[in-house]
């Protein structure tokens, strides 16, 4: 059974249509890169899976169960976790509270998240808005993990971070994808990085699928990648 | 060098320690077809907001047709010929299409404050608004309320309102955003037929549209102008590829 | 000099008691307005209901005072859950105008029901003997009931702050006030949280209404007459804040008492002027979240 | 369309049905002489509601401070409320309360809480005395209302009125088309306050008594209720609402005050829940159904 399967999805905000004819399948423990220039609907795709957009047509199935009609929090409780592009750390909560507020029973505990991101343990008493961008990103990932998802939606987790932090996050990401039984949908501007850590890729253009296939194929064909992602 | 339609000199904007626009020197020629592109967070929106007067710059100057408008309010800039459209429809939703456009026309003609004669007896305003709608192919929808209008046509009304201001400079903020792809050709048509004397700056993600429409492209990255040139050059530029493919910069 | 000092102490004391009551009543309004963005003008109805529950329980059914306080809280909280699910929840997305009208409508209904059941007369509060009389403190005598109000409210406030700032439930509430969409994304059922928070806020209003029945008279026009006070506390304190309204309520309680004591000829005038000045200066209140 | 929205495509001519209120008013004058003082009160409240409709229905701003203008319809207050009141009913409420307090304390001027009696009204134009049956008062109010209605109606159909609905629909865009939104609002507040002030003046003149309650929050709330009941943003909602409300109040409130409050509260809740257009909105809906349109 597929972890996630979308068929003929049409979605947007209110009557605005952003996504059209979106269809793909993500196998259990699979990793999918979503590429494309900005504004093509990548963030909207994640928001649609999470339930934050207006769903116009099609179907979304999570582990064989249709979820398109479920409220956001139900999807989270089933096992869908979101790391939003804007991070959306809760500023009036401490770092630790940002994590504990999302707790659901499972393998991931406070201790394991602190083990993955030791930096967060040092900052546990700080308010959510008193930490650096890189730490916010770690916190956003850690917070999603605290909900013990089987499907993790990550929106540009490397955006705007210093190279050294990118390195740390990439390692954590690799660890998550390889060692943990997590399926990941990774939206990323850094196309080559994203293709490097995923098995399959989706390129969007104007809200439609322009490419769907193995990541390796795209990585091996720079000409094609350029055409798809740049112009 | 003759005066540009719109020009910025050393424009900067920072929020605290965060710099979102850094020394932007930008020139929009009279009658230009110019595009502004760049990845998310490049500072395009900040730049546009400074141009329209929604956001005051930290330093630098904005010059419209030779006149310094840096300290001018939004409404005054509009009167000087600076029009804009919005990325997300900003329409008068429960008013008819004609009223949406006529509000702008009346404002420009300076009759919007009058209260003794009925609006519909201002024949000049009505006629001009109808003409404008006709050129955009919206004449039949004149009395339809925006809420009852298909989204694609709403995007056209967005442009019609801006044109009602008879701008010398028009800023188009993602004119085709949110339109199903089958309907977007109509918007391209309209853009192609815009009056030649208006200098147009388009902010757009859709590269097909950008390369078809623009004769000059500016690429912004992290609050700075990365490169500027004609489309052929931009398409070949290695730095642009890097920005969009996310190859790590080394040195 | 000694006389002035005595009156100063007296004003501060009575003002603090009034302020505490205002806070216990208004804090729920601050949270629900900040959390749900609902302009609930009918909040005073809950306080009035608490007052009626308390006075009725004591005078008609002989319920002991502490139990009557619990009843005031529980009854109002339960009733508010029904109201929230049945009516309020349908108007979360409605315009301010509609919310204002709807809650004014609720006030009218509540006023009518109160008049029908209790008539227009003010409800007397039968205090137990141990809360009557004077309480000696630092060589002065203070009315025992006011001392009780201050101490009891302080305990409630401490409990509330602990709950909101130290428990997971509190973290969930704060997360939802911060960013509702993200709160849903981490699995918080914000709808249910709204209902519970609303019930808690209303219950506290009921408790405050009962507790303060001796200071703010329980009679049918209560929700109209005291609305301005509750709104001032919330708007001066800042929506969605917990501490802001506390400071505002104490300020207003003391200022109101002081004005009535020293400047009776000006009535509530100075308070209103100060409120307008503060709101013109800081439109989102002294401790507002969105400046 | 019976909702009077104005606009550049709207026909500003007066339709035959719009003479209905005036015919009713004149018929009432001859047919119900014993109710003329109630009638005059209704006419005044229609004018008052009309002034509120300009702000709430057309400019789209909620105000609970309108009774301040009813009491003291003044230009200065117009600027204050436009500046302080946008989006914040509490400040307006405060403004109204301040005026209430001023009136309350300025005892020598207003009579304080006891009200100001002994207002002597000179004959209108030195000719028509206010008679005890209120005939003059009624016709005088009708005349002032006619004038107010004519002004408001003209304004709503004018470019200014259209730009007000523009502010209501999207004030951000109004800025972007170069409209001085703030001054438009000051202007409409001023106009509205003037009309409300005129209505307040009429109350004083016809009652020959001013009570502090004209300034109170309840009075502002009550007016809002009347307007909503009739229907917001459609001119004639301001006619229907006060007629229904005040007549019902006159018959019910005196005998059964609690039922009256209960009824009006329930009505408000129902209107908000099920009939957001008010009575005229319901009629509109019914007409559309009758004509068999979708």
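A, B, C and D label the chains in the order they appear, each numbered from 1.
Methods note: a contact is a pair of C-beta atoms (placed from the backbone, for glycine too) under 8 Å apart; a residue touches a chain by one contact, two chains touch by 3 or more.
Every value quoted in this text rests on a predicted model; they were computed, and no experiment measured them.
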{"item": "From chain D, the most remote chain by mean C-alpha position", "value": "A"}
{"item": "Where chain A and chain B are represented by their mean Cα positions, the distance between them in whole Å", "value": "32"}
{"item": "Centre-to-centre distance between chain C and chain A (centres being mean Cα positions), rounded to whole Å", "value": "43"}
{"item": "Centre-to-centre distance between chain D and chain B (centres being mean Cα positions), rounded to whole Å", "value": "42"}
{"item": "Chain-to-chain touches, reported pairwise for every pair that qualifies", "value": "A-B, A-C, B-D, C-D"}
{"item": "Chain D partner contacts - residues on chain C that touch it in the complex", "value": "39, 87, 90-91, 94, 96-98, 100-102, 104-113, 115-116, 224, 227-228, 231-232, 235, 265-269, 272-273, 275-276, 279-280, 283"}
{"item": "Residues of chain B that touch chain D when the two form their complex", "value": "52, 74-79, 84, 86, 90-96, 98-99, 102-104, 106-108, 111-122, 125-126, 129, 142-143, 161, 164-165"}
{"item": "Sites on chain C touched by chain A in the complex", "value": "168, 171-172, 174-175, 177-179, 181-191"}
{"item": "Chain D residues touching chain B - in the complex, by the definition given at the top", "value": "5-12, 154-155, 157-163, 165-166, 169-170, 172-180, 184, 187"}
{"item": "Residue numbers on chain A that touch chain B, as the complex places them", "value": "12-13, 15-18, 20, 37-40, 85, 156, 159-160, 163, 188-194, 206-208, 225-226, 229-231"}
